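Common to both upcoming complexes is chain A, partnered first by chain B, then by chain C.
Up next is the complex of A and B:
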């Protein structure tokens, strides 16, 4: 039946006088082209619904640095000291960022301008992530081809083009490191597996360059530099080592390490940080291991070799442990930093580093997130693992290890589902491809069985085996067709789910909010940009703005004003100072603000619109972070019986702290909802406790049309008599 | 006493058999081995110098040592690919292996020169 269905298509293709191999190539190339376009256009929802703008918070910093790079050139960008953020401290931008993304976007911009397409850098930045997502699908195809065969490669490309786990961080407008980094990650892994399979120095060199690109793009390169040594170790232990492995790993490690140290932000970490020591350890282990292998090959007498082996192994282990011990004890090799240590011990951040614990992306993953981001891939992943174990080779061992380690980390932190996505797509594609292949072989062989059964009809063993197939044929045929329909149904459901998820969940710009009005019409809240442009046009150019660190990047990029703290969060004490100012009474806060030269204070308030990611909901984190450095701020002061309230029953310190006053100033007279008293906070669902707020040292400068962003001016001190 | 003698005898026998086995390797491989030995020796001299004088421009020290280690490792890779006894590489022409070696060394030394500071 399958043969009948494909006859018109193959007739059409035959009309072009193509051989079967060429037909197959044509089909493959056309599928890849369609997948390339699909990956790009499925990420364009927010550009079509709103406009072409940068989303969220971090991308605004990346956009600002890319703008600076295109305007001032590479040398100034590499040596840039930014005095407009972290007010009095400043920030050495050139040495504290990963330049890969900005340089890529600037390069695309230059190429387009060279070809006389006069695009604005913002358009290039917005569309960089979808472009690289399309490139990732191509790399996934080649990787799948390397691991299994071309069918698996095609399915992998299709799965990864729409997978929500990847789309979440690579929609148009999400101009963040991960958009480029996942491409670099998969590319590096593909080149390394290719190098191990071929044993060629050229491919190892290419993988070293891929690793360099990854290091320049994202801090998650630590995953590569730990996974590859782990993989080499597994191969050595299971006895699958070969000369190709030696060539591939050594060339990649030495050249990759050297190239990686050219990035100033990474610096000497490859020889000094505990997170990178696994790679160095495996490097030395390999030298010893292969040296022993060579000696064993040269010596014919095994007893002598045993003696030699004993001496060398004891020497090597002794030297290694002494070096490692000395390094760790003397502090030269730094231990695992907090960010990565919290991956091994998820409870560490909550107790010790509240800033890391407060980011919502760093929370452990719920099953619903897994189902949301992976859908059918979640059960195809174990099926694919089964197929990989059935046909073990160097490449499949690698993908199994990548899949298992990345799934563990994805379970620890929501953000890392992104890193697991390529592995899950590749392994699932193996399951899909192998299953569909087996089913279609069943369908095809039964047809041949019918023909040979009718022509041969003798009692040779071959005919009898085909006759065996024919006897159980009805069940096999129906079963295969039913399973194929089932597979088709599942995959189409996957495609529908992915498109729905992209459209509903992952395409919101975060800086522009949308809701449905009373008559079903769409209402847009553009308050953030309204406030930032007010700042840009109505304040003196050297004004300093204090706000919570979430909004720092956006204020510097769009408002073009100096901020006290921003999303880089490199100085915990500075952030704690701001947190303390927000949590104190107005008299204490004004002292802190005057010491920091603050001119304007910006708060985000969702009481009128019901917007729940505002500063009052984040306030307890300000208290915790401030209290972590200044013990005068105690969290229980702001709670009532352990409960966080803003209504009449709230704690007195809560009702009179600076954040409360700034958010609810003049709110007591506001009617927000029909049938509720004035001063009804729609985000918390209560009537506020302190309606009569008087500000002594600040005055209201600007409140946006939906009261989402409120800006206050710090009054200069009174004249002395 | 007897154990000492037997272990000494063992060591001598080990040394002799290693020497005789090594003498049988072809000349081109011995040249590569000599180059590897020279590179490692240079790296050791640099480490000793750093230990005595201090590691102040750390990037210079790293680039010097890594250039020696890097070129030694690449030479070992070349030896592996050129060695006729390795079945995995019998399809690889030695000219291609040498060209790869030269290319990798070029990249290595360009990066070293950038890193020297």
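Up next is the complex of A and C:
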């Protein structure tokens, strides 16, 4: 103490020296802060490259509804009937959307305005998804702490902050339900596992509210309401029934179901739809288990109890089956809807529902998509499963089930890699944490061995074995250090991969296209917004625009005009009518367009720029969907020997249908590429067949600067002839 | 209800309780009574030495190996193969000689594959996973040293091979990978 008093600087340092526990807390908190910031900023590529705008198609509808909510208040939003889309049917918006995302964004907007930050609602919408991604990393930390230990929690937070599977749907600008829903999903699961681990009523209540938030946010809540009963069933089968499980599941199911019915879009589905019946069945099974447990507790007579058990189980199963059968036969319980049924039977959508099969996100997953979105997590996932199986508990059983079911669904549909990402990150973090722990234990054990050897003193045999051990110890220590460096190398490659994928693949706004010019410079095509603003400024306010359903939301949001069909795709016949109009000859199409009161037709054409997601490439889907409702449209009419062509050898119906004429009008005179004849389609790589196109009932209104969007006006019928 | 609570904690000796148990079993089961009456009062069941199959849960590691198999199938794009039905391996014609050359990796798209490339990549992923498992087994304390060393070496080499091959595959598949 006297020595300390004479050196004031070291005295200061010693007073700052933290105990180990405090050091650990400081490290943990600083890592979580850095991860929080990292998750936010890695999603900002497109905002830095282009500008703060909404991407894709669906987010434009969400933005429009959020705008309506902030301008008109909650009750007008909840009772909104939108007459500007699906002309002439209109759409009951309040009853056909999941309001969680809009209400969250509006709440953040209100809070910021209360704090006197006058931000525009668009900025809030653009940055909602990265904000919730950062929150997801925190939830992942707590979840990892719950199922394994704090080390696994930290690694889980780090892995999920940059994982491309999650980033793909939560970049800044991707204002879609999934941005909020994944946070709600992981939060609900965490609260439920916490409730099962502690058996506390408070945590079960919290998980019910978490489930309510998830139901309000996304249609994927069906995954939760089926996974949790499946998990409870597995626990019952493996003999892990306990009072904690009983309290947790009952509270969550009953309260969650009642809360979920507050959302109009969901309505009474929890008691009427076949997809929710598993939860109800498990609920009643839990009551039977509790009853049997209570009877067993009352009877001390095992033989009597066995007989009682047999009778009760038989009766319960019989009653349950009869009730389910009656429900399904009478039609009260509806069968699984097409979207979810195609997850169980992947071939169903291809044969029966072309609208679902046509979306590119709904295709099954190839190995390269997995590799792209997960990288080394694909190695760590089976290793993590192994560690979970080594140390089975209620929580690890849950994460294993979540991981397996979500990986299967991710294999069926590319879009669902998003749902699998939190599970894969958590299980991989267990593998990383357990392996690193093994290696560091090896590093530390050498010192302990030397100490015990020196303090205990040793006989000759012990000395010789210690000598052997001492000889191998430095080798083991070096080996452990090398392996730790190897692990660090792999994780750093993971981070590099994730950042590259985010920057190159997942940060494009889709509404603004970019390409590399001849000299390597970046060329931007802003044709979509050019066309929508032309619509907004040059057409009468009550004009109706017919286009393929992909562009409906954008036309309504940015062009502010009424559309015939949009991305909601709730009315297949209406879409089929538009598809029929696009694939008919001009004379038949004009009848359909006059009956729908169409004023303008909008098509997307990529022949000049080589843009491959244009309407000609989507045309066969229009034929299939139209042909599904109107048998007069037959797909083989548009194909030649089963092949889809637009050049001279194309089918005559193809060369004269409305879509072909509208896309290639005046294109025959256009020189698109050096050394190729005029009318060379760069997206298909062929010279078009029919260059001399004359339009009788439509006239060209506008073509954007790169010919990507073309708008035609429907001429009124002839006065005299 | 009160009768049950009085009946339950009977401190009877074993023989009386077993007799009571036997009588309780015989008298309680209604199905037994019905069956005793209807076919089996005039039919004589033969003496069989059958046992109901006892259903025991499989061990954790058995389940794990089954799961590893399904993981291999999912990750190699098995569902994609079933639905899209791509060829096992692609082919192209060499413009100069006219010979048909095989193409292993489907070029141009991230979400597309041939069957063989899917299976080989899936195998690499599972190999990497098994490598980490072997490494953990090799660091386990309760084994002989030589086994530990061989497990560790096998684990490390599996991980290295799997990582190198997977990076190679993705580089072939996506030409612009990593800048």
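Here, the second predicted complex is superposed on the first by the 685 of 721 C-alpha atoms of A that agree within 3 Å, B and C clash if a C-alpha of one lies under 4 Å from a C-alpha of the other, contacts with A are read in each partner's own complex, and residues count from 1 in each chain.
In the analysis below, a residue touches a chain if its C-beta (ideal position, glycine included) is under 8 Å from a C-beta of that chain, and two chains touch if they have at least 3 such contacts.
As the structure is a computational prediction, the values presented were derived from the model and not from experiment.
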Practice task
Check the residue A:387 against both partner chains and state whether it touches chain B (first), chain C (second), both, or neither.
Solution key: second
Exercise for the section: Please indicate which partner A:407 is in contact with in the superposed arrangement: first for chain B, second for chain C, both, or neither. Expected result: second
Practice task
Classify the contacts of A:298 with the two partner chains as first (chain B alone), second (chain C alone), both, or neither.
Solution key: both
Exercise for the section: Scan A:623 for contacts with chain B and chain C and give back first, second, both or neither. Expected result: neither
Exercise for the section: Identify the partner contact of A:307: answer first if only chain B is touched, second if only chain C is, both if each is, neither if none is. Expected result: both
Practice task
Quick one: classify A:500 as touching chain B (first), chain C (second), both or neither.
Solution key: second
Exercise for the section: Check the residue A:268 against both partner chains and state whether it touches chain B (first), chain C (second), both, or neither. Expected result: first
Fill in the blank from the handout: Partner touching more residues of chain A, chain B vs chain C, is chain C
Exercise for the section: Please work out whether A:251 is in contact with chain B alone, chain C alone, both, or neither, and reply first, second, both or neither. Expected result: first
Handout entry: chain B and chain C footprints on chain A, overlapping residues
Key = 298-301, 304, 307
Fill in the blank from the handout: Within the complex, chain A is touched by chain C residues 4-5, 8-9, 21, 24-25, 28-29, 57, 60-61, 63-64, 67-68, 70-71, 74-80, 82-84, 110-113, 117-118, 121-122, 125-126, 128-133, 135-136, 139, 145, 152, 156, 159, 162-163, 166, 169-170, 173-174, 176-179
Exercise for the section: State the interface residues of chain B toward chain A in the complex, per the touch definition above. Expected result: 7, 10-11, 13-14, 17-18, 21-22, 58-59, 62-63, 66, 69-70, 73-74, 76-78, 80-81, 86, 88-89, 92, 97, 100-101, 103-104, 107-108, 111-112, 114-115
Fill in the blank from the handout: The answer for chain A against chain B in the complex is residues 199-202, 204-205, 208, 242-244, 246-247, 250-251, 254-255, 257-259, 261-262, 268, 271, 295, 298-301, 304, 307-308
Fill in the blank from the handout: Note: in the complex, chain A contacts chain C through residues 237-238, 298-301, 303-304, 307, 311, 346-347, 350, 360, 363-372, 376, 378-383, 385-387, 389-390, 392, 404, 407-408, 410-412, 414, 431, 434-435, 438-439, 442, 472, 479, 483, 486, 490, 496-497, 500, 504-505
